[in-house]
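Just so it is clear, A, B, C and D label the chains in written order, and each chain counts residues from 1 on its own.
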Amino acid sequence: MKVGIVNVTGYAGLELARLLQSHPEVELTQVTGRSAVGQRLSDVFPHLTGKDLEILPEIVDPVDLVFSALPHKASAEAVAPLVKAGIRVVDISADFRLRNLDIYEKWYQTKHPAPELLQEAVYGSPELHRDDIMRARLVASPGCYPTSAILGMAPVVHLVEPDIIIDSKSGVSGSGRTLTLTNHYSEVNESCQAYSLGGHRHLPEIVQELSWARERGSDVAGKGSLSVIFVPHLVPMTRGILSTIYCRLAIDVPMSDIRERYRQFYHNAPFVRIVDRPPQTKHVWGSNYCVIYPTLDPRTNRLVVISCIDNLVKGASGQAVQCMNLMAGFDEKLGLEATPIYP
Amino acid sequence: MKVGIVNVTGYAGLELARLLQSHPEVELTQVTGRSAVGQRLSDVFPHLTGKDLEILPEIVDPVDLVFSALPHKASAEAVAPLVKAGIRVVDISADFRLRNLDIYEKWYQTKHPAPELLQEAVYGSPELHRDDIMRARLVASPGCYPTSAILGMAPVVHLVEPDIIIDSKSGVSGSGRTLTLTNHYSEVNESCQAYSLGGHRHLPEIVQELSWARERGSDVAGKGSLSVIFVPHLVPMTRGILSTIYCRLAIDVPMSDIRERYRQFYHNAPFVRIVDRPPQTKHVWGSNYCVIYPTLDPRTNRLVVISCIDNLVKGASGQAVQCMNLMAGFDEKLGLEATPIYP
Amino acid sequence: MKVGIVNVTGYAGLELARLLQSHPEVELTQVTGRSAVGQRLSDVFPHLTGKDLEILPEIVDPVDLVFSALPHKASAEAVAPLVKAGIRVVDISADFRLRNLDIYEKWYQTKHPAPELLQEAVYGSPELHRDDIMRARLVASPGCYPTSAILGMAPVVHLVEPDIIIDSKSGVSGSGRTLTLTNHYSEVNESCQAYSLGGHRHLPEIVQELSWARERGSDVAGKGSLSVIFVPHLVPMTRGILSTIYCRLAIDVPMSDIRERYRQFYHNAPFVRIVDRPPQTKHVWGSNYCVIYPTLDPRTNRLVVISCIDNLVKGASGQAVQCMNLMAGFDEKLGLEATPIYP
Amino acid sequence: MKVGIVNVTGYAGLELARLLQSHPEVELTQVTGRSAVGQRLSDVFPHLTGKDLEILPEIVDPVDLVFSALPHKASAEAVAPLVKAGIRVVDISADFRLRNLDIYEKWYQTKHPAPELLQEAVYGSPELHRDDIMRARLVASPGCYPTSAILGMAPVVHLVEPDIIIDSKSGVSGSGRTLTLTNHYSEVNESCQAYSLGGHRHLPEIVQELSWARERGSDVAGKGSLSVIFVPHLVPMTRGILSTIYCRLAIDVPMSDIRERYRQFYHNAPFVRIVDRPPQTKHVWGSNYCVIYPTLDPRTNRLVVISCIDNLVKGASGQAVQCMNLMAGFDEKLGLEATPIYP
């Protein structure tokens, strides 16, 4: 299958290139960039040891599928014509993740360039929407924080009180390759901070998907709307997200049942692992795995769920490749089975 | 004033030595160690550029005040005789922090070596117990996590529902100088993890002091017992604690009032600063400051409080010196006014 | 091919397990440990997502090849009987790297447990000894520092004055998983240090192999014995070695010729890349590549060579697998073609 | 004494502000910035807990001394008029460090804005030019790398062969607060690199001062011109420089004599410490100390000198304050005696 990457020069684009260069069924034939146009991939990114492509201004030759790693708005502008021309697209930007146009335009403070595609786009979480992804022309690959939060709560969101606290800790690569003070080494090294306390753009995705999962679950916890508070933090590491999720069970079930529900929910999900001891982000470093540790606080009876991913793999490009595998009818795991790198 | 340090060879002891060597009213005359006895301080710790003392097996000559940086149990055993001999003591261990003997013995799984001193000991949080500290013979310097949590909630704990979530992120020096896998560089670098999900020993301190502050506050939020969940996390940095605290106001007051209550509460506290933007731990690195950012989540109406300290200074040895200043009648700030080091 | 790992529980052993679990021609059937015997691999090392083996006290069932990741002395004791029993062995310890028994016993301060195997053992640098490795029963996989230094100098060591300075910077994983103050997070984070200034055990390997390469080269620079000074440094990162090598050309050739010699020397070496700009260790992170940048200092006319590897892959377990590939007649690159992970 | 800082908003300027706010004889009365003009210091830099000044476009009121932390060229343009107006100046930029105008204009690729001040300016290394600094109107505070290299070699440069190799490892703050890919967190974390292999601008300073020290020493090693190769490296830490210097003694003296010469040379230098074991940069973190470890390689008879500083203190702003102390007739150590922070 011939594949192109739009905007290979950011971290999500680079990670796509890394993954696709060793994918057994894919030929990466074209890459575009917003910078470095005309240069060769390996000149700008010497770690890329595979096929050496020239960075183009835009996709010019026929491909079967395109990944877009452009920022929001620019991405919809670039991929809408491709979708309409019959090319399947996995969009890593936020443009097609939210079903509701108003919510998109409020949170992203911009007019949506292609609202006509919103209803058709599938939220690219294979663990929740596998069948829809297989049939989709346009997949919206989830945000990094939402991936950790949604996978952490989806199996039980219909069993808990509709009041969820998500405290996430992310490595710095999540802020991208664009230069800012919040990714300046000396500013973030040996420091920890909370940010976006007024509301982070990943919140509406989390609410949308967890509400969907809640509706879909059996009706034990009522159908009232979900209240979610999400506070992201920056910690001094390059990769990794750990989300700590606090909620309260609405029903009385033993923890062993809860753990079993998680296992059931993900029994067909090759990249989700339910673990018995608190995980660390290093356990998934460089891999497409998500490890989840649900536990009950013995004193307050709260359910606490720890969920870890590599923000650039399962939180971005790995998950996008997983969607591509489903869209193309490949084994979901193809090209994604690398063991996490430890230490 | 002549001062001794019992167990100078751990990080709290070393930080005491650093601070005391430049304290204008203190002469550090004796230091003891559990290791390195007989060696000179500067041979074992080349960064210590002040007066060079020999590391003794125990305090032998008269001193006016002793700091103990021993682990719990060993500390009570060492300082009880000193207190009884009339020497004032600031104990950095957990031995005299909990008023309730049963709670101590349950959480620390050991018999208390000197229960007769428990009622007399003062919890060494100058912002809460300044007057008692001034008169105390024995001060129990608070734990690092409790310091960040208690200072973050004390001004409003009587105004919130009695259900508090504390999600703390700590640098690795909090685990001490003793060698373990959880402070092995390659195991914790580039990784983030939650730990002690079954209950961390710092929880009962937090409950004790916040309950006290709640009782003391006006009766708007009822006097029901406090439910606190506390989840500590390890992040890859040497120093710093950031606590993110989630709760819900029990009364309807605007955020400006809340902020003002914080300012009022700490108007005599030289080391606590209420800030208007989310802080980072780097803002207090190497200093005795605690910075606190309270804010209201606009969607869920939850109060979120961010509280940052340097775990080895305000979270341990700096706060201990602050207590010593009060006990000795010095200016509370003496020897502690170093500006945080940034970047 | 059935393969076993002796001492899987250190970093070299773990890295072998990671690499072998995805090797298409290898079945990892047995692993032993000095600790954690009786536990399952994935319980002790949750990142290992492949086949889950029990950690045994020793290799019990037939295998075709054994890797030993034991420390020196213990390794020779363990593998000598295996070699004699006809099992091919790749030893990651230092026991069979030095041809000269006296040098071994002087530097390692111990009697060699199996000196009779020294002459037969092949130094496992595929770029220097490919043919011998293919035929070997016992391969001594090189040390991490020597790999970076030898590959950096081998193409030109016969063209330079016999006076070489090697200044190496290593990540902390090189010191292993055993707990010491030099791999305690708070001691090494945000710090840089030189060590082993009296002589590091990797020096005799470097001298042995560079002397061999020098003898083998044409006679332009004389055959006098080589003087090498090697100073290792610890830098705060988990993986990576960067060696900066200083020497002086003994002949007058333009830099373009030098660069061409490097390219020629390694034209059959799939994992060595000669680059045109100064590399960083991140360019090889997690991979088996070695990148080398030779340049001439314009003012002093010294040749400066920068050589980067991942110390746990090309510097240890990846190179060992590369040797195994050669011994088994596989493609040298099999199982080792992962692209470096960046950022 | 009233003091101003020109360009407080970079790391050198901020470090000056931190140091001066606690200097007992200095009142910091004015600060200027190239950005953030009109804002208050504590709004932009929340760690600054001292006197809160407004960031001005330029120095407007009378001060006794001005520090300039502007980049080269801009700095000379700004301070030349001040010097001529009779204000004493310590310039942290490179503009007045090089005695030779041609060398300056060649290395900095610009016309010097105030060449008439070059002969008068004093190179601000108190250990080499104490008396001249005391009398100076204009002091050129040394570069960070040169400080570590010059202090490491000055005591013996006249005793060694004129062929010196300086391999330096620096923290990332040395590249300043301006955003570049080389200080982007994800690009430099967990990585090590050499740079400026074609020649770093700090080289001519090193040559100038070591040549001066060599001329001044007794004539044992001849007066031939000095050949110096200097290769800087970036390591993933915020602060600290460690220089490893390789040379060869031209005379036959025992190492104990060499060490004694170092001690003699610096016996009046309160911030230089000659140590008996290899130091790490953490031993001087946050302080104005330079620690130096000279040793003889037992195999090659080379002299190896390790020299450590905090690049922002002794390598920039601390040394500048030390110069100010000398210029003002204060104790050289005033305001600079903070103990290094460890861990």
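By definition in this document, a residue touches a chain if its C-beta (ideal position, glycine included) is under 8 Å from a C-beta of that chain, and two chains touch if they have at least 3 such contacts.
As the structure is a computational prediction, the values presented were derived from the model and not from experiment.
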**Message:** Suppose chain centres are the mean of their C-alpha atoms. Which chain sits farthest from chain A?
**Reply:** D
**Asked** Looking at A-C and C-D, which pair shares more C-beta contacts?
**Response** C-D
**Request:** Could you please state the distance in Å, as a whole number, between where the Cα atoms of chain A are centred and where those of chain D are centred?
**Result:** 46
**Asked** If you average the CA atoms of chain A and of chain C, how many Å lie between those two points?
**Response** 37
**Asked** Any idea how many Å lie between the Cα centroids of chain C and chain D?
**Response** 38
**Fill in**
Where chain C touches two or more other chains at once, the residues are 11, 171, 173, 177, 186, 189-190, 236-239, 279, 282, 285, 343
**Fill in**
chain D residues touching chain C in their complex are 163, 165, 167, 169, 171, 186-187, 189-195, 197-199, 203, 227-229, 231, 233, 235-240, 242, 244, 246, 278-282, 285, 295, 297-300, 302, 304, 306, 343
**Fill in**
So, in the complex, the side of chain D touching chain A is made of residues 11, 171-173, 177, 179-181, 183-190, 236-238
**Message:** Quick check: in the complex, which residue numbers of chain C touch chain A?
**Reply:** 11, 14, 18, 21-22, 45-50, 173, 177, 189-190, 238-239, 273, 275, 277, 279, 282-287, 289, 291, 337-343
